[in-house]
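Heads up, there are several structures right after this.
Shared chain: chain A. Partners: chain B in the first complex, chain C in the second.
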Partner chain A sequence: MTDPLENGSSMNRREFMIRAAKAAATVAASGYIVYRFRDEEGPSAVETRPHYSFRSFAVPGTESRMSIVTGANRRRALNAALDAIGGMENFIKPGDRVLLKVNAAFALPPILAATSHPDLVSELVKLCTAAGATRVVVTDHPINDARACFNLTGIARAAEEAGAQVVIPRQDDFLPFSLEGGRLISNWPVLARPFEGITKVIGVAPVKDHHRSGASMTLKNWYGLLGGRRNVFHQEIHEIIRELALMIKPTLVILDGTESMMRNGPTGGSLSDLKPTHTMIASTDPVAADAFGATLLGRRLSDLPYITKAAISGAGTANFELLSPKRINMNG
Partner chain B sequence: MKIVYTRRISQLFFLLLFFWLGFVATLGTAWWQLRGWPVNWFIHADPLAALGVFLTTRTVQVGFGWAVAMIALTVIFGRFFCGWICPFGTLHQSIGWLSYRRRPLIEKIKANDYRPAQRIKYGILTFLLAVAFVGLIADGAKIARMAGLSRIAAGSLQTGLLDPISLMYRSVNLVLLPLADRTVLVTSLGPRWYAGAGLIGFIFAVALALNIWIPRFYCRFVCPLGALFGVIGRWSLWRIGKTNPKCSMCMECETHCEGACEPSTKFRPSECVLCMNCLRACEDNVIAYRTYPSAGGEAAGVDLTRRGLIVSMASGALAVPVMRLNNLLGANWNPRLIRPPGALPEEPFLDRCLKCGQCMRVCPTNIIQPAGLEAGLEGVWTPTLNFRIGTSGCQLNCVACGQVCPTAAIRPITLDKKLGRNAFAEAGPIRLGTAFVDQGRCLPWAMDRPCIVCQENCPVSPKAIFVREVFIPVREGTHVVAHADELTIDLGSSALAPNIFATGDYYCRPLPAEGEAPHRIVANTDALITIDPNRPFAKPLKPGIKVEILVRLQRPVVDPRYCIGCGVCEHECPVTGIKAIRVTAENESRNTERKLLP
Partner chain C sequence: MSLLVLTALLSFSFWLYHRQSRIPPIVAELDGSAPQSAPRATPAHAAAARLIRLAPEGFAVMSPPEHFDADDLYEKINGRAELYLPAGFTGLDCIRFSSRRESEAWFEIFIYDMAAPLRAFSVYSAQRREDAVPSDITDFAYATDNALYFAHGRYYVEMIGTTSSDALRTAMLDCAQRFIADTTEHAGRVEELTLFPPEHLVPDSVVLLISDGFGFDLFDYLFTAMYELNDTTVQAFLTARASPGEAVALAAAYCEFLIDNGGVFEDFSVGIPGARMYNLFGTYELVFSSGKIVAGVHEADSPEAAAKTASALHRRMTRKRP
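Right after this comes the complex of A and B.
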């Protein structure tokens, strides 16, 4: 159809009606679209998403158990330490799905004792499996290159050979978390995905010097569950460790003082930084485990304010003798 | 099977091989990761890279044996590399074919006309080789003690800027693979980042897009490697040509002629990429691949005018001397340019680096980045370390970059050498630079906030970062005691925000301070301060005296004797904009004149 305006003739009524209807429809549609998507307030500052939360992984009736084993062989000392507090069967039941939170922070070989020892990881995985665990997950959010950390420390290989699944975290494994009553851990990304379906959690940490907090042991080990720009929390190191102690209630912690890092921690890097303290601690109370671990480093509670803070907040007891720890000497 | 199909299979094979080798250049122990895969094969089969490095260093690395083989094969068969192997050429050919597929015959033939501008690539080749060759002159002048000449003559390796193999490696390593892997994250745990990838990607895209206008645009007008093969190929034993000067001149042979080498008339052997399309298309069966010159005549040699040759040689010879007037190799060296561990001193480094990006691809922490102008114009796209962009610093137990470098610009060092262990104990560790604390930005130095993340993460033993403990009065931190016992101080009125001094880092002591160590605060309300029960006051403070509240700070200090410049501290520093501790190249091992310590 030719346009009547172009060929000079005037518009007839019919054409005028059609054009007017099209124009009206255009105006109405654009008006509706603008009305539908109008934004009177501008964007809101931060969107709040539903927050992740950790359940308690403690086994009722096993509170306040602790054992301290003297011995140089990690596997044997671990078995003795667990037997002394009732055996792994007391904590891991058939069908349990266990997460081992190891310390794999640095890409250093196991001999430097800056990370959880592969022998210990391997033995724990085997014990969990023997107790009936259907799945064992080994994870940490390291500081150095993550793949190198899990490989060089020997943890990945030890865990996989023992039948565990190694989870090296990715960005989307972290979910925002707010600790009830927490000031620092508020809307903060934590390593949540590997915890899906998990029924028991065991923390595995070496005894290490740490200049800022006094020492890095089982409580500081939970730092590896934090994502984001977690380094800002070093400004209040004792507070963040206190909140971490409240954030996660493990089934059990294993504190490895076979070789304690006395200085240059938490990285170490030299055999001369280590002292053969030949001690293995198993405890259901991480605060008590750390309080004892401090003695291996020759430090007092006043050197590690976070322990007292965690104890006052109800995360455990700083006076480990109250737990009547079972002491076993494997050296004879 | 027709020869053209064989060529297509060969092209597809080498293109897929190229992408596969790029993919497996991933640090790890799985079969599809960097193990024995010949990830540098294409570079080592590249005669331009081999010749360039030969001119700058007078050595031919054994890997370049493949390039020598390519030269030998070219002398026998002609420029087969361009038409049968080159992955960049295959991409050009595909795009050109797609673009011209539906166009009329006459346009296709016209697109494949020989153009005098095709001589530009010989100019580019001459320029790049001249840039490298002057280095040889400079070395000779030094040996001959010709002081003046050795002061002005300077060369470096710049072939990698336009060498299609380097360009392709760079584009795949720094643009295509990071983009492709972003969704699936197979070769890395998180996305990979490359500074300046936009420009590299833009150049790659433009080079490909030009095929829409003229097929194999890059190959015909720009490619210095193609030019080199053209120079060698003019003497080839076998060549395309007409068996009979007379034919129907249907021009079918030129409808898909990739090299624009005019097989219908006066054949140009140095332009022919042996695509063999003419062989297949000829309806009169007069085109053959044989040892005789074309019956239609041959254009002798390379079409480069004497004037063009002189201009490109002269500008190539002067390029580096002019660029080096900036004195970046002397007193004006750039401290923000941090080369990977094992990198040669700057001048020999520039003699070898192809800017291929292999080190950047393999670096597990993604800190090796293509330089912009940090290393001057001649150092564009050479590797430099950026500790903000990656996932950590240079990992103590990693030497991957030197192991993949195809020309040993980053030497293949052992861990013992990197860390200064065993046989290398006396030489000490390889230092990339030194960390400097910026006291105006560091939290404990500038803002009275405890931190020392840098000290904690320093990976060497003994740590290169140590701390000085100080007690600093907090802002408005002096108060008057209203009442006190051994463990508490009552200020009598609301003076403090509850619990702000309870973090374990705050202390208090009476004034005037008489040498008594401050007491740690464990709790405070708005008016009450409680101190650590392990160390109470000897006797309660008297009402009316002043107490001051102090913050205990550990201030980081770098000990240059131990710092290796790995950058872990810089990466971890919680001041994430301009970092409060930064590595610069002072004291780097590779340039002894940049020593910091006597």
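Right after this comes the complex of A and C.
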């Protein structure tokens, strides 16, 4: 091998040193650029967004109210249930802006009772408006094809015809939220934007069997406020429902047990999965509402651990009889 | 030389930038990189065309075909995905058809590919509606007022309708026949079903548990069946192993499992070689092996009911053994 510096090539030692210095400068400059690109913590879309916090939507002085109405007609049963706990005017005041959190999780027809019934949604919107609400928003976050879910369940049409605004979630409707003391809901995206300016929240859910949690009623209904790949919570379903019970303090909840899905939930699919239990529950305590709903499904509290967990955490009472629920039989 | 170094470093910089620009899946939905609630990606062209061909007479495609795999099945059926995933689910194809005459009358077909006939039978049997009407569309099929359910080869199929009209039921049957004609699958015969004695058997009560039968992790492919004896109901079970030796070992392991969970040996004459009975907090468990089969009775109300059911099961298994 020959040395270019000694074999008469055009580069002399001085030139070589200059070029080497330039190369070293290039390496240093490039290294600096790479260093500037480096991100120690990795990507995070949530860190640039403000954290959301839910306020309590409960009306002071209306705690621990509950009514249980027996009747097959949803609209009539709802009115009776609300009247029994003081009437909608006790909860919705003139100027209120109301959010109805429905269950629109599946693109299935209302006859299958897998989602909030459009008659109930329609009647609730009318009652809120009659009580003076200036705006009623109806929303949920079905993961797959939300538009089809709202349309095929009949919820969109019922809500709009009654004068409500249907909000189908978009990307920027979600904001990160951390539940104080929460283990699962920590820096997790939640459906937040539709809550902007909202003063009252009503949850409305059907009584259903659920393959994972044992039942899906008013507490499980808040699951629809979670964004992201929320199926990761299925392995800890009772814990996530407990945290959801602490996350939202609604004005009241409506539990529709007119037709209860006794098996093959939460989707059901067959009319034979349903049982005409003809019951409507209105309550300011979602835990108590679910505890009663469990009886419609023939379940004990031990079958639905999330109810007891929520009660122990202070989200409500599992012994619904302590609320002395008003019972009305519209069949008699 | 310096140009080479510069090029290499710039390439590295771009690679690093690209890597750090990628957003993890959980955050992706929040960040707007993925659609929040758009319809799923359609299946491959051929699969989509096959779904569209299933449209029955007088019905039109109402919504585009959809396809889901194990990662996103929950998006379609939420918590119910947990029933299909452990049973070997590989894919779900869906499409809706609506009546040309009556727009409110529509149905959706759900085609679950479970990869193997026994796995399809498992999810079929686990969800069978008690008050359904048997259908002869396949060996494993039934209809309810608004729906049709069947297993065919490796597929488990559901058709869910919006009404209980005759026209819709006829359309679903038409669609089912098109599906069966369009697949190369053959109706799978489940040999274990013939081992359950037919006397006192509750119709359509046989269920196949793919894994963790009765909470025992070694009980996979466990068949259970309900029997009505006078005023009590008894559950019989059986599972096949590769060899008689494995069956003996599994029966012994199940006995250990029962003892570990509070079972107390019950000295009761059953008349089946090697059979053992345990009292488990007031209910009776009985287990034995015969050839390659482990069988027994689960949660019987009395030792007599357990023994009677097990004896009938043993006799049937002995007769059926080749």
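One rule holds for everything that comes next: the second predicted complex is superposed on the first by the 280 of 332 C-alpha atoms of A that agree within 3 Å, B and C clash if a C-alpha of one lies under 4 Å from a C-alpha of the other, contacts with A are read in each partner's own complex, and residues count from 1 in each chain.
By definition in this document, a residue touches a chain if its C-beta (ideal position, glycine included) is under 8 Å from a C-beta of that chain, and two chains touch if they have at least 3 such contacts.
Nothing here was measured: the structure is a model prediction, and the numbers come from that model.
Shared-chain residue A:N151: touches chain B; no touch with chain C. Of the two partner chains, both chain B and chain C are touched by A:S270. With both structures placed on the common chain, the touch criterion links A:L184 to neither chain B nor chain C. Residue contacts after overlaying the shared chain place A:Y306 against chain B, while chain C stays out of touching range.
By the touch criterion defined above, A:S30 reaches chain C but does not reach chain B. In the overlay built on the shared chain, the residue A:R19 is in contact with chain C alone; chain B does not reach it. By the touch criterion defined above, A:H141 reaches chain C but does not reach chain B.
Look at A:P176: by the touch rule set out above, it reaches chain C but stays clear of chain B. Set side by side, chain B and chain C differ in how many residues of chain A they touch, and the one touching more is C. Legend: residue contacts after superposition of the two complexes on their common chain; A:H234 is shown touching both chain B and chain C.
Annotation: chain A residues 106-109, 143-148, 168-171, 210-212, 229, 231-232, 234, 237, 264, 266-267, 269-270, 272-273 touch chain B in one complex and chain C in the other. For chain B in complex with chain A, the residues that touch the partner chain are 27-29, 185, 189-190, 364-365, 391-392, 395-398, 443, 449-453, 455-463, 467, 503-505, 520, 522, 532, 534-535, 554, 568, 572-574, 576. Across the complex, chain A is touched by residues 1-2, 5-6, 9-10, 12-13, 16-17, 20-32, 35-40, 63, 66, 74-83, 108, 127, 129-132, 144-147, 149, 158, 160, 162-164 of chain C.
Those residues of chain A that touch chain C in the complex are listed here as 19, 22-23, 26-27, 30-31, 33-34, 37-39, 42-46, 105-109, 111-112, 141-148, 168-174, 176, 189, 210-213, 216, 227-229, 231-232, 234, 237, 264-267, 269-273. Interface residues of chain A facing chain B in the complex, by the touch rule stated above, are 106-109, 143-148, 151-152, 168-171, 210-212, 229, 231-232, 234-239, 264, 266-270, 272-273, 300-302, 305-306, 308-309.
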